[in-house]
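Listed below are the structures to be examined.
Each of the two complexes below includes chain A, the first together with chain B, the second together with chain C.
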Partner chain A sequence: MLKVNNLSISFIQYQAGLKQRNLQVISNLSIKIDAGEILAVVGSSGSGKSLLAHAILGILPKNAMVSGSMLYKGAELTPEIQKKLRGADITLIPQSVNFLDPLMKIGEQVRCSAGSGNPREKQKSIFRRYSLDEKAENQYPFQLSGGMARRALVASAVVGGARLIIADEPTPGLHPQIVRETLGHLRELADDGCAVMLITHDIGTALSVADNIAVFYSGTTVEIAPTADFKGSGEALRHPYTRALWNALPQNEFQPVEGFQPSHSGHLKEGCLFEPRCSQSSQECKCSTPEIREIRKGKVRCHNAT
Partner chain B sequence: MQLRAENISFRYGKGDWILKDFNIELNQGEILGLTGPSGCGKSTLAKILAGYERPLGGSVELDSRSFPSKGFNPVQLVFQHPEKAVNPRWQMHRILRESGCQDDSLYRSLGIEESWMKRWPNELSGGELQRFCVARALTRQTRFLIADEMTTMLDAITQAQIWHVVLEYAKQNNMGVLVVSHENRLIERLCDRVVCLRDNAAGRT
Partner chain C sequence: MVQASLFKFIIGKSIRIISLLAALCLLSFVLVSHSPVDPVQAYVGADMAKVSPEQRAKIAEHWGLDKSPAERFVLWGKSLLQGDMGTSMIYRAPVTDVIKERFQASLALMGIAWALSGILGFLMGIAAAMLRGSWLDKLIKWYCLTLASTPTFWLGLLLLIIFSVWLGWFPVGMGVPAGVLKENVTLANRINHIILPALTLSIIGVANIALHTRQKLIDVLESDYILFARAKGEAGLKLLWRHGLRNIALPAITLQFASLSELFGGSVLAEQVFSYPGLGQATVQAGLRGDLPLLLGLVLFSAIFVFTGNLIADIIYKLVDPRIKEGNAI
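For the complex of A and B:
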C-alpha cells in the first residue's frame, strides 16, 4: 500500500546573518506497509519518526528538502496528490486528545471529517462501532472521560474511510486498559484491510500489536523485523541496536548502553551511526556506511549481521 | 531519616476529595513504588510529598519535623516532561547550577556531553533534557527523590541508563526514592515495596 524508498530529509537553516547550513535529519530511509499490516516504527526521541509521518502527509515546513520516492498504491505521492489524499485516504491519529477542537461538539467534529455520503449516518454508525453514547454527540471534549475522548479521536480519524492510518504516539502516559483499547482499534482497522503505521518510542506497546517492527536510529532504519523475532535474549534480531533496545526493557535485562544517539548538528559522521556505542564495531564500521540488506526475512543495516 | 505523610487529605477547590486520610512513609535508602489508575491522585501525592502543594488535612513530616520553609528542599521532584521543567531562556549549564550541583562524574555517568552545556533547552531531545533534570535533582543535600513518571516518555535504553545511575546514587548516598509509574514491569524491576493508590484508600502489596 505504501512504499518509501531512500527517503532523505534535510532542513535549510540560517546561522549568523545570511549564512545557511543544511541539516540532514533523515537519510536513506526505506519502509513498506501492506494492506492488513501494522508496521510499528520504533525509535527514541529525535530519531525522525514523526518527520516520516509528516513527509508522507506532505505537511513538512517550507524549508525542508525531500529526496527519494514515496509510492502510495503504486503512484508517486506528489504534493498535489498528498493534498487530495490526506484526511481522506491517508489519515493521522494524533498523540493527544488535545487535538480535538475544544469548542466544537463531538458529533459535529466527527461529521465534518466524514467526507462523501451522508455525514450524519456515517457518524452514527462510527459512534456505535466505538461504543460512544448518543449523548456524547452533543457534548464537548472536556465533558468526556479520557477513554471516551480517545475513542472520539479515533472515530473522527477513520470515519472518512481512510486506507492508510498513521498513529503518532497514541498511547504514552495512558492507563493500561485505555492503551489496550486503542491498540485493539488499530488491530481491527488492519484486519479490515487498512495499512497501519504505529509510531512509538515504547517497544512493549509496539510488540503487543504490530506485525513488523521498523527500528529507527538517528534518522534511518537500522532494522525491519517480524514481531516474532523479539524473544529470549534477542538472538533472532539482526542489528546490535535492536538487540540493545530489547535487552534494556525492565522485564528483560534492564541493561543500558553507554553514550547517546548522535544528533544532527551539521553533517553526520562517516560510517555506521551506531558504531561508537556498538560492542562489535570494527574498522569497516568506522569508515563505510552499511547498506540495508535482507537477512532471514528481515532487513538490516549492519556490516556484521548474519 | 524518614519522609512521612500522616492522614493527609487533599482536593482542588471545592471538587471531590482526591486523597482522604492517606498515610505513606518513605525511609532512607528505600526504593518505593507507587501505582494506581490514572486520575487517582498519584501526581498530586507526589507534589504534596515534595512540598509543592500543602495538604488540607494531616501533615507531611521530614524526620518528625515539619517541612523546612526556606533553603534547599531535601525532597526533590522530577517530572514526566522535562521540557516543562526547565527555563527555556537559560542555557543548560545555568539550569544545572540552579541546584548547586557540580558533580562532573555524575554528568559523565548520565551521559551528559560537555558540548551540551552551551546549548538551549529547545536544542536538546527529551531524553537529553531529562538527564539534566535528574542531575539537577541529585545534589548532596537531596535526601529523597520523587520520580513522577520520570522515564515514561523515553526509549528503553535511555530509561535503563537513567535508572541505573539513580539507583547507584541512592545506594551510595542512602537516598530514598519514590517511583511513581503505571508501568508495572518497571516498578517490579526497581522497587523494594509497592503502594497501590486507588479510590482514596491505600492497599498494599
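For the complex of A and C:
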C-alpha cells in the first residue's frame, strides 16, 4: 500500500551570519507496507522515526527538503495529493493527550475529523467501536483518564476512514493493560485491511504485535525482518545492530552495545554508519556505504550479512 | 463545592480590594500633605498679594487646614465611610458629582479606545502570526515595537499638528465646541471632539495586544494539537477558526481587561494634550492645585476602576475556560 524508496530528508539551518548548512536527518530510507500488515519501525530516540511519519503525511516544517519517492497505492505522494489524502486515506495516531485541542470537547474534535458523510453519526459509531461512553463526548481532554484518552486519540484518527495508519509512539509510559488495548486496536485495524506503521523505540512492544520490523539507525533502515526472526540469541537476524538490540533486552542476554549513535552535526561519515560500534567491521565497512539488499526474505544494509 | 469555592473567591477579592484601598488612602494622603503646593495659595492664585494673612488663615480654617494631618485624615476617613467624599476646592462641587460627570466623558473616550485597540490589535496579531516572516509580519512587528516606545502625549501632539492644525479636520481640543450653550451641543459635536484623543489611545494600545496575540498564535500553531489536526486533514482558515481562535481569544480578552490601568494612565496624558474634560485632566488639575479631597477621590476611583478590570478578567477565565470551570466542578 505504501512504498518508500531512497527517502532522504534534510533541514537547512542558518548558522552565525548567513552561513547555511544542510542537516541530513534521514538518508536513503526504504520501507514497504502492505494492506493487512503492521510494520514496526524501531529505533532509538533521534534516529528520525517521527520525521518519517511527518514526511509521509506531508506535515514537515517548511525548511525541510525531501528527496526520493513515496508511493501510495502506486501513485506518487506529491504535496497536493498528500493534502487530499490526509485524514481521508492516511492518518496519524499521536503520542499523547497533548495532541488534542485542550479547549474543545472530545465529541466535537472527533466530528471535526470525520470528513465526508454525517459527522454526528460517524462520531457515534466510532465512539461505540472504541467503547467511549456518551459522557466522554462532552468532556474536555484534561478530564479523560489515560485509557480513555488513548481511545479518543485512536477514534479521532481513524474516524475519517483512513487506510494507512501511522502510529507514532502510541504507548509511551502507559499501563501495560492500556498498551495491550492500544496495540489490540492496531491489530484490529490491520485485520480490517488497513496498513499500519507502528513507530516505537520499544522493541518488545513492536514484537508483540507487528508482522515485520524495520530497524532504524541514524536516519536509515539497517534491517527489515519478519517478527519470527527475533528468537534465540538472534542467529536469524541479519544486521549486527539488530542482533545487538535484541540481545540487549533484559529477557535475553542483557548486553549493552558500546558507543553512541552518530548525531547529525554536519556531515555523516563515509562508509557504514554502524561501523565504529560493530565487532565485525572491516576495511570495506569504513570506506563504502553498504546498499540495502535482500537476504533470506528480509532486507539488510551490511557488507558482512549472510 | 462550587458554592464554597465561589464564596472563597468573593471573600478573597473583597479582602484584597479593601486592604488595597486603605493602603492607597493612607499613602496618597501622606504624599499630598507633604506636597510643597499650598492649597490656599493655589486657590487664590495671582491675587495672593491682595489677600491679607488674616483672610488666608480664615480660608485655611474654613477648609480645616489648621488641624493636624492626622486629625484631617481621621475626619476625611469618617465621612468617606458615610459615602461623603467631601467637596472639591477647585470645582466647588461635591467630589462625587465631579467624578461622575468627568467619568462619563472619560468612559466614552476610554471605551472607544479600548474596543478599537482590542479588535485591531487582535486582528493584527493574527495576521502577523499566520504570515510569519512575511513583509506584513515584519511591518506589524516594527509598527508595534515603535509604538510601544512612543509616549502618548507625543503621539497626541503629532496627531494634533497633522489633523487639527495642518488639515483642520478636527478641533484642537476640549470635549465640546467653545462658546456653545450646553443644550445646543449635538452628538456630532461630541464625536468630532472625541475622535483624535480616542485615536491617540487606540494607536498606542494596539501594540500590546497585537504582539501578545502574535506570539500566542505562533505557539498554538506549533503545538502538538495543531500538528495532529493537520495530520487529520484540517487546514487553512478552517484550522485557524476551529483550533486557533479558541486558544488565543481568552488570553487576549484577559490581557485587554488587565490593561485598563495602562489605558487609564494613557488617558491622563491624552486628555491633558487635548484639554479633554475627563477624569485624567481633573486628576492633573487636582494635583497641581492641591485639591486634596478631589485628588483622593480620584485615586480611590481609579483604583476601583482598574481593580474591576482585573476582576472581570479573572471572572471571564473562570466562566469560559473549561479547564478552570469544570476543574472546579470535579
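Quick notes on this structure:
Definition applied: the second predicted complex is superposed on the first by the 306 of 306 C-alpha atoms of A that agree within 3 Å, B and C clash if a C-alpha of one lies under 4 Å from a C-alpha of the other, contacts with A are read in each partner's own complex, and residues count from 1 in each chain.
The working rule: a contact is a pair of C-beta atoms (placed from the backbone, for glycine too) under 8 Å apart; a residue touches a chain by one contact, two chains touch by 3 or more.
Bear in mind the structure is a predicted one, so any value in this text is a computation, not a measurement.
Looking at the shared chain after the overlay, A:Leu249 reaches chain B, while chain C stays out of its contact range. When the two structures are aligned on the shared chain, A:Pro102 is found in touch with chain C, with no touch to chain B.
Once chain A of one complex is fitted onto chain A of the other, the partner contacts of A:Lys231 are absent, as it touches neither chain B nor chain C. Judged by the touch definition given at the top, the superposed model places A:Arg293 against neither chain B nor chain C. By the touch criterion defined above, A:Arg128 reaches neither chain B nor chain C.
Within the superposed three-chain model, A:Ile203 lies in touch with chain B and out of touch with chain C [touch as defined at top]. When the shared chain is aligned, chain C comes close enough to touch A:Gln143, but chain B does not. In the superposition on chain A, A:Pro172 makes contact with chain B only, while chain C stays out of contact range.
If you check the complex, the residues on chain B that touch chain A are 37-39, 80, 111, 113, 125-128, 149, 152-161, 163-164, 182-183, 185-186, 188-190. Interface residues of chain A, counted against chain C in their complex, comprise 57, 59, 83, 86-88, 91-92, 94-96, 98-104, 112-113, 115, 140, 142-143, 156-157, 160. Listing the residues of chain C that touch chain A in their complex gives 223-225, 227-235, 242-243, 246-247, 250, 321-323, 326-327, 330. Residues 43-46, 146, 172-176, 178, 201-204, 244-246, 248-251, 254-261, 263 of chain A are the ones that touch chain B when the two sit in their complex.
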